[in-house]
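The following block contains the structure, expressed as structure tokens.
Labels for the chains are A, B and C, by order of writing; each one numbers its residues from 1.
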Amino acid sequence: MTGPILSIRNLTVEIPTRHGILRPVDGISYDIGRGEILGIVGESGAGKSMAGNAVIDLLSPPAHIAGGEIWVNGTRIDQLKGDAMRRLRGKEIGMVFQDPLTSLNPLLRIGDQLTETILAHLPLSRAQAKDRAIKALDEVGIPGATERINSYPHEFSGGMRQRVVIALALCAEPSLIIADEPTTALDVSVQAQIIALLKALCRNRGTAVMLITHDMGVIAEAADRVAVMYAGKLAELGAVRDVLGAPRHPYTDGLMGSTPLASRGKARLHQIPGAMPALDNLPQGCAFHPRCPYAQSICKTQMPTLADGDGAACFFPLPHTAEVA
Amino acid sequence: MPLVSVKNLTRIFDVSKPWLNRVIERRKKAFLTAVNDVSFEIEERSVYALVGESGSGKSTIGKMLVGLLQPSSGSVEIRGVDLARETDAAKIDGVRADIQMIFQDPFASLNPRWRVRDIIVEPVASRGKDTTGMAEKLLEQVGLSVRDAGKFPHEFSGGQRQRICIARALASEPKLIVCDEPTSALDVSVQAQVLNLMSDLRDEFGLTYLFISHDLTVVQHMADKVGVLYLGMLVEEAAPDELFDDPKHPYTQMLLDAAPKLGDYGRDVPPPVGEIPDPINPPTGCPYHPRCPLVQDVCRRDRPVLRKLRGARVACHMAE
Amino acid sequence: MTDTPLPPDAPIEVKDPSRLRLALDSDFFYTFKRSPVAVVSFSVVSIMVLAAVFAPWIAPHDPFNPGSLNLMNGFSAPMEPNAFTGDIFWLGTDDQGRDVFSTILYGMRISLFVGAAAVAFAMVLGVTLGLLAGYVGGWTETIIMRIADVQLTFPAILVAMLIFGVAKGITPVEYRDQMAIWVLILAIGLSDWVQFARVVRGATLVEKNKEYVQAARLIGRTSPAIMLRHILPNVLSPVLVIATISLALAIIAEATLSFLGVGAPPTQPSLGTLIRIGQGFLFSGEWWILLFPAVTLLTLALSVNLLGDWLRDALNPRLR
């Protein structure tokens, strides 16, 4: 067993503003192994996309990495700049964004976009690159790849376009794919197709996937492990079955309770009171304590940390014994 | 008598290119049938949900119900009044005040230059009635504070904005509120708060909802009756328990299978095949036949009509 | 109000104290304070506007009172005692002994008034037509925008000269000088409305599809009410930018017309008229009669333009 494909240690992203320094990502650490899908879940503003963008150096200024380390395949990449980063980004990391329309150049045939990417990162001839592009389209389930390679992005439907984006992300054979809300803009039936595709590709090629989404259902179906983010920090990390099935952090528990479920019928949904605090107005101690039903005095003053590896960043992780509840 | 009665509602959009382009490129006019012969009824104090994927026509139906769009044919009657054909201004005004709408995008649905107070009371103020203290009372009812009345929309989060939209919808004391994807732009925990609020308000004010959504779990949670739309046609209608336990139309079955399940970790099922066809050139016969596992010759030829089947209405030749 | 410079986009209802408070706390005011170009150009423009408004109190001489003029003071060089009278003029005098500094103050008055009034006229006309074109659409839109397109194919100054010529032709001789200023305003205003109309139409097309406009429509608000109360406040930011940049252009257009002798009459000289008068003396050594009005015009136009550029960047959300 080799080391993890992606390893993040104490990553912190800061945005200086006129109201002070904001930390949308605050000291998070996790690994993604070969062939593993790590789901990053959280509400808007929790910092989940920011963490993904930090890995591929796509933070929009003034946001910047203020601390921590990012390792990809044993190479530290957070200090790489310019060309070195760009080479590595294309070669080792592929990206799939939410909106397939904006990730493709509308003026170029998809075949050209694919071959350009392949030629930029792999030592192949143009003809070989084209073959590989066709193979990539075939692999993501686009029928008639040999002909469709000459089509423009607008000639594809939304679902097919997202498949092209995935082909584009995969064509240079990266070891890591970062998928930021890849199915949010798609219909349910197409979403199911894309999830199945991502899972199959990941399994067959051993690609590691960082799957960023707000949808617990997608995480449950697609991910092997899940990281729950809250206000820039990791609240809980672990295998999907453990985290979603038996949450230990009260926030995860609340999230699961808020999700309408077939089995719950029409009973009132569980509510987490209040809202996630704004980054410039974080409470002392655990950021979740004002909304937490189990908060004690220590939660208001000290920040709970995530033990090494899996677990919950909480002083009183669930399940509670009777006297606390 | 049902509160809302929709009969053979059809809406066709002209999506042709401009005249000159058509002449040069020798194309015919193009038409998109967004809603195709849809009929249903909504009982007073119930929640009727329309579900469907993009292009199913669910939002178009909502807009015709509130009078933002005119039907191409068919009718929408609210308490017996057809907004598109009624000529008595007093009747139209009365029905208008009875219908309100909540939109999907909580950022675009509030005028950014208006104070919350003015936004909320506009439906009443525009009729020249006194609105003193009304916004403050409504804000409290939707779980915001009285002080919020003087603020501007940008000071609120998405969930809070949706509460403001709900307060505005309640201001004219409507009977029917059309909710067009009211929570799909919200996070799960905020969605739970808003859905709970909507349920509470329904009980408190005796409201009727037309709930438009693509999210089956939300629909199941909220609805008393569910209509499933595909390519502008109503393919199945049933109470939620009936629909989810015993889906009769193959499309409904596919939707239920495709929706992500929280409990099924790493579930590996074959994903659905095909995509929604181009609505400008829809398939002949049953709109679902190119993707349907049960397809027969009759499906390609004849459009199925809604028929009763074990407590549901379903438009499928094969369902049994 | 005078100790803090108001940002140019101080909200529409400045009367409301908390709107002012919000403006002062806003990111907009913050970026203003941090931009030296904006602060300097805003200060320069403010000083010049104040100087022009209070010209009768500031100016050391009244250049239009023949009784106060002494022909002996003619052609005094700046800061040098006059050879005959020993009087000292900061910026010298012209051929008739008029103090150049005073004529510049009064000239700036005319220039600024004509420029501002012309822009105001163009803005009202352009915004109204743009709103109508964008909101109503159809033939209204086609007609308005085609007229705009045709007018754009002519240089603005040519359009202004044409209008000026026609207006001069139809006004009776005895009113010509009196009416000259108003004709000038009309001419420059009519040559400048197109860009307002285009921008407002574009912004209106975006706003009218937003859900807050639909919400207003469905409670039965009339089109004029929706255009004025809902859409107009939301399309004003780009209008403000164009108005500022147009002001610089209008001042220059007025100067050009006056320089060509078709603008402000010699009895009411604007900066352009002064430059025209001054260029006659350039080669006989009296450089100051031309230079100082020209530098004033340059400073004024440049400052207004820089302010407009900054405003455009500050109000453009994509550049934030």
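The rule is simple: a contact is a pair of C-beta atoms (placed from the backbone, for glycine too) under 8 Å apart; a residue touches a chain by one contact, two chains touch by 3 or more.
As the structure is a prediction and not an experimental result, all values here were calculated from the model.
Novice: Viewed as a graph of touching chains, is the assembly arranged as a line, ring, star, complete set, or other?
Specialist: line
Novice: Please give the pair of chains with the highest number of C-beta contact pairs.
Specialist: A-B
Novice: Taking the mean of the CA coordinates per chain, how far is chain B from chain C in Å?
Specialist: Averaging C-alpha atoms per chain gives centres 50 Å apart.
Novice: Can you compute the centre-to-centre distance for chain A and chain B, using the mean CA position of each chain? Integer Å is fine.
Specialist: Centre separation, chain A to chain B: 31 Å.
Novice: Give every residue of chain A touching chain B within the complex, in rising order.
Specialist: Counting only chain A, the residues touching chain B are 43-44, 157-160, 187-193, 195-196, 199, 214-218, 220-222, 224, 240-241, 244-245, 254-266, 268-272, 275.
Novice: Help me check something: in the complex, which residues belonging to chain B touch chain C?
Specialist: Touch residues, chain B against chain C: 63, 66-68, 93, 96, 99-101, 103-105, 108-113, 122-123, 126, 150, 152, 165, 168, 172.
Novice: Quick one: in the complex, what on chain C touches chain B?
Specialist: It comes out as residues 12, 18, 22, 210-212, 214-221, 225, 230, 233-234.
Novice: Going by the contact rule at the top, pick out the chain B residues touching chain A in the complex.
Specialist: Against chain A, the touching part of chain B is residues 53-54, 157-160, 187-193, 195-196, 199, 214, 216-218, 220-222, 244, 254-255, 257-268, 270-272, 275-276.
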